[in-house]
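Have a look at this one.
Which chain is which? They are A, B, C, D and E, in the order written, and residues in each are numbered from 1.
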Amino acid sequence: MVSRVFQNTLARKLIFFAALIAVWQTLAWSGWWAEYIFPSPLGVAQTLARGFQNGTFVVGIATSMQRLLIGFGISAIIGILSGLAIGRSKVLDETIGSLVLGLQTLPSICWLPLALLWFGLSETAMLFVVVMGALLAITTATEAGVKNTPPLYLRAARNLGARGWKLYALVIFPAALPEIITGMKLGWSFAWRSLMAAELLYVSLGLGHLLMMGRELNDMSQVVAVMLVIIAIGLVVDRVIFAPIETRVRERWGLI
Amino acid sequence: MVSRVFQNTLARKLIFFAALIAVWQTLAWSGWWAEYIFPSPLGVAQTLARGFQNGTFVVGIATSMQRLLIGFGISAIIGILSGLAIGRSKVLDETIGSLVLGLQTLPSICWLPLALLWFGLSETAMLFVVVMGALLAITTATEAGVKNTPPLYLRAARNLGARGWKLYALVIFPAALPEIITGMKLGWSFAWRSLMAAELLYVSLGLGHLLMMGRELNDMSQVVAVMLVIIAIGLVVDRVIFAPIETRVRERWGLI
Amino acid sequence: MKLEIRGVTKTFQSKNGALTALDAIDLDVQPGEFVCLLGPSGCGKSTLLNIIAGLDAPTRGQVRVEGKIVTRPGPDRVMIFQSAALFPWLSVFDNVKFGLNMIGVPKPARQVIARKYLQMVHLADFERASVHELSGGMKQRVAIARALAADPDVLLMDEPFGALDAQTRDLLHDELQTIWTETRKTIVFVTHNVREAVVLGDRVVVFSARPGRIKKIFTIDLPRPRQIESYAVVDLAREIMAELKEDVLASVHDPQVSWLQGMEAQRVGDDVL
Amino acid sequence: MKLEIRGVTKTFQSKNGALTALDAIDLDVQPGEFVCLLGPSGCGKSTLLNIIAGLDAPTRGQVRVEGKIVTRPGPDRVMIFQSAALFPWLSVFDNVKFGLNMIGVPKPARQVIARKYLQMVHLADFERASVHELSGGMKQRVAIARALAADPDVLLMDEPFGALDAQTRDLLHDELQTIWTETRKTIVFVTHNVREAVVLGDRVVVFSARPGRIKKIFTIDLPRPRQIESYAVVDLAREIMAELKEDVLASVHDPQVSWLQGMEAQRVGDDVL
Amino acid sequence: PGVVRFGYFPNITHAQAVIGIADGTFARALGDNVKIDPKIFNAGPSAIEALFAGQLDLTYIGPNPAINGYVKSKGEALRIIAGATSGGAVLVVRSDAGITSPADFRGKKIATPQLGNTQDVAARAWLMNQGFKLKEQGGDTQVIPIANPDILTLFQKKEIDAAWVPEPWGARLVREANGKIFLDERELWHATRGEFVVAHVIVSTKFLKANPELVKKFLVAHVELTQRINAEPTSAKLKLNTEIQRLTGAALPTAILDDAWSRQTITYDPIRASLYGSADAAFKLGFLGDTMPNLDNIYDLTLLNQVLKEKGLTVVQ
């Protein structure tokens, strides 16, 4: 039963994406635009094949993923903790909360000079930028999740003696979980974006660097190939990590 | 009563930020770092004053705000509509939904070549980048909000004959509103970030351009001044637009 | 409208295995009939109402309304949920107007109708209040007003008076009877109060414990308006009660609570509720 | 534990102006006493429980527990909410264990205690179910098990048996009386069922309609265990009922429903629900 | 057409463009019925993208993006039609880094503005000629490509020891970060008598084919501007700086401008040999793909030479 559903889903998805690619290739063949303006799927496929054969894409993916996982992990922990704190404290909300919201609007690129200044030419500088990118999204979402917690749950819990960290860990956190997960998903994409920006810092082997090289060299098929790799990783992470968690949470909460 | 609360809030905030600036100035005076590495509040204040006097900041703010408002407006409308659609349709979720999520991980800078290709060197290209930045965040949040709607409301509404657009407009949308607002807040900051990236496209008078110029000229006090302007606008928008809406919604929903 | 419930079975799949909530329910409700459903907690009463409303699909069997198989909800069958299910983003007034809006009643008429039903449930003063500003019983009354205002042909009521004090409830019993006599709606009414069932219903359908099956159907031939304290009502209620009690004891198969059975024995003469 | 309620007034501010829910309530509850609160819908019963629980602050006046002013909730005063207020992210079993975890009961003991109370409410089979898989009455029973498992000194119960069928409710009445006799908890019990109040309470406190004031306090001197069908219970209930009715009529100042008064008149002999 | 879409960057290597747009020289040269639509870029790749997308007809640009655009479009999209600036790249070392001779670069960190750009290629080629192995080849001398503003910061923080940068960054490193010029790149270009291209003018092939007269009119103006700037450098610098201030919000400090200016030459000669020279070096370093691209047709200097001939000036090769 479950596997049938899964197969259907998969089939639908495959058809959808196959159709997208077919349209794209047809348009490319039709000669509407020159290959150097926007590459054809075949051209991109070649670039992909070459990239994986000579290992640059593999190294790129590995390097970026490592940075991303560490940066995202740090952001998730700090973001959730600070979101929980800000969401429940009026004073924190009014001070740090508004600071967070303000900082959130700063593009990652603003952090580059500061990161260089504080951390020099190191992985730390790159992590800092990634963290600054993802952290604030997760904080904001967690904070909103906390604020949107139905007061009845809080009352019931406090009434049963829940206080301090137990109230946070066992009530506020799980109650806010559906929104926190949304925040984590957004944070993940913020982290990607920031990483791309951070990999501009200096030559660093990551995917962002490959993307930039493609752009610098006006090699559109490299740009699109890297974009596809990024999208693929995004989708895999979503399907393998976020979607199952989301589904489980929704089922549990009775939201399905 | 309300104004008392407001005054307190304001006071607390003023004190908090005043303290931050005081610490910063003290550190700057202490000579821990050279002024050219990281500016002092006074230096920044001078740059700000100059920028506003000679009008560059005013023009920058006006230009960027105009782009931002148009781009954000478009994103909000399309994002909410598509989020509502994706959140309720399994097929859409599996096809367009996963595409959206994948695209979401793409850094804005990836969209620049495409934007150029499609829209040329125009305001439209810039708007496109802003929209691609904010749209997906709003879509994702709306979609999550829709999925997190307590099924009881849906049942009650359908039971009373709600269907089609009325179900969306009068039930699903308001039920998802708290999460949509969170999404709008995030979308707003995405829009900012994308705009900054877009304003790198070509010299364009906006704040992003001023920031870049500061960076190019290693004029850190210009960089920080522009960052402050961005933060200030972010905070004002939050306080004047988002916070009141959020508060009203929470009050209405009984979440306070 | 006529309801035909044919072989309706509902099995819930959950991670702890399947649970049969309703087992082959057959029941016809005549147009304008007032049917009360009685049964122990968890026997599937709410589930059956949901299926009639078209909010849940039966695992097997079908429900027909005027001969047409129910596949989805419609404003002809309005349900009052066990938990009030008011919309928190709407004021009390707007909640009551919601159904009217759905069926396309013009604006001015909505005002008048909504106000009328809010007065009927004694909440005229609260029309501008938010949902979270209401007490439990008040919420339930708003839900009743919302459903009545929509003026459906079939009313599905899931323990609507459960959260009300006896007095308010009695008043609403009277109101409901008046409305029913005047409009001859088809009403399916779930309650756990035997005497309430006897006062209101043309027939009382008694369910067995999980899996819910129809155990017995009592036809209540007493003349209306009925008095909750009349001997006829009390007697009939007592009879139904005995029927139900047996079933509750059957469902208490747990050894730890077997002492209950002894205790129950001495309470056979127990009054209704 | 002794509860002293002194001049408790609660006024809610809302956009439609102020609403006084409770007006200068004075009430002492002795340690080990079982007090029932009765009153029309919206008269402030839930509000008073919330204030005793420390979940809401009174506008004026104060509540003392063992002489100490209540400022916040504590596991010594556990409330059963009118809506079950279960945590959807926990299984039924974990919901019941929640309070035990809060007061630091060691893990193995939690299992045993939780299981015991789940059995008591006849939901042993559902310990692994999710909250949304329960029927309305089942949810309420889980909430009761959760509160009883926490074994507080003061139990605040807000219409806990409202969603239950008569039989299940009677069983739980007995359970509650047994627990109370054995542990001598202080219990404040809100109900809209007059006879329930008479069967369970040492005293029955009758509230007037909004703004809630204490109208009369009845001391129930009947020997325990009490039978819900005994003449003594029925008589006392009838007396209290008359008291309440008068008040309900007073609250129905609406001209549109003035016919109710006439109708009511002929029902004075009305039995207690 | 009625419009020429005209790209340039607001910096000192694009002096002709900045001045010519500001004082209307181009507008006058192209005539009343042709409108100039100036588009200002910050980086070469964006300009090439715009040109690819058909949004740009003509632009001042550095040699690298031009080569890339030519190669990526298989020789279709663009042609170089004139030179603009020569020189203006230096190797600066930190005064306290202890570098006095080429041998001292062992184990040092040298920054360049961008992987595979002219300065990056020059730095790598030079270091390898000195016999150093770079870090990626197992050596210990490191070339770090990083944006110009960050080079300044890192210089100040002493995180890097040297930098191969274009002007005005060389001048800024000297003045603001305690740097010292170790090598002026001109010294390395013996074959071209110290000249090497740093900016030139490209035009989209399509535009060139369709409007040769317009391109020619532009080139007349370009040559005149070049002569004028070289004749009156002081007023040219002043105009340039005013315009930079208008476009970017800040002027260059005069000292830096003067210093930077002194190491570059404004010229209409595209210095073909230097472009091929640096393309060769780039290919050897692996920046231009697997096969050496054929750059034979990247130049189309017929119109420029016509103009020069008409003015009685020496034609360029």
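Just so it is clear, a contact is a pair of C-beta atoms (placed from the backbone, for glycine too) under 8 Å apart; a residue touches a chain by one contact, two chains touch by 3 or more.
What you see is a predicted model, and the numbers here were worked out from it, not measured in a lab.
Listing every chain that touches chain B and chain E alike gives A. Under the contact definition, chain C and chain E share the contacting chains B.
Chain centres were defined as the mean of their Cα atoms; on that basis the chain farthest from chain D turns out to be E. Averaged C-alpha coordinates give centres for chain D and chain E that are 84 Å from one another. Inter-chain spacing, taken between the CA centroids of chain A and chain E, is 38 Å. Chain B and chain D have Cα centroids lying 48 Å from one another.
Contact of a single residue of chain D with at least two other chains is seen at positions 83, 130, 133. Each of residues 37, 113, 117, 215, 220, 254 in chain A touches at least two other chains. Each of the following residues of chain E touches two or more other chains: 49, 52-53, 149, 153, 157. Of all possible chain pairs, the ones that touch are A-B, A-D, A-E, B-C, B-E, C-D. Interface residues of chain A, counted against chain B in their complex, comprise 9, 12-13, 16, 33, 37-38, 91, 94-95, 98-99, 101-110, 113-114, 117, 136-137, 140-141, 144, 147-151, 178-179, 181-182, 185-186, 188-189, 192-193, 196-197, 208, 211, 215, 220, 223, 227, 230-235, 238-239, 250, 254-256. Looking at the complex, you find that chain E touches chain B at residues 5, 10, 39-43, 46, 49-50, 52-56, 148-149, 152-153, 156-157, 172, 176, 247-250. Residues 50, 53, 55, 72-75, 77-79, 81, 83, 85-90, 98-99, 101-103, 130-133, 146-147, 150 of chain C touch chain B in their complex.
Those residues of chain C that touch chain D in the complex are listed here as 12, 14-16, 19, 38-42, 45-47, 82-83, 119-120, 122, 124, 128-130, 133-138, 141, 158-159, 162-171, 174, 192-195, 227-229, 234, 241, 244-245, 248, 251-252, 254, 256-257, 260, 263, 267, 269-273. Residues 34, 36-37, 56, 112-113, 116-117, 120-121, 200-203, 210, 212-213, 215-219, 222 of chain B are the ones touching chain E in the complex.
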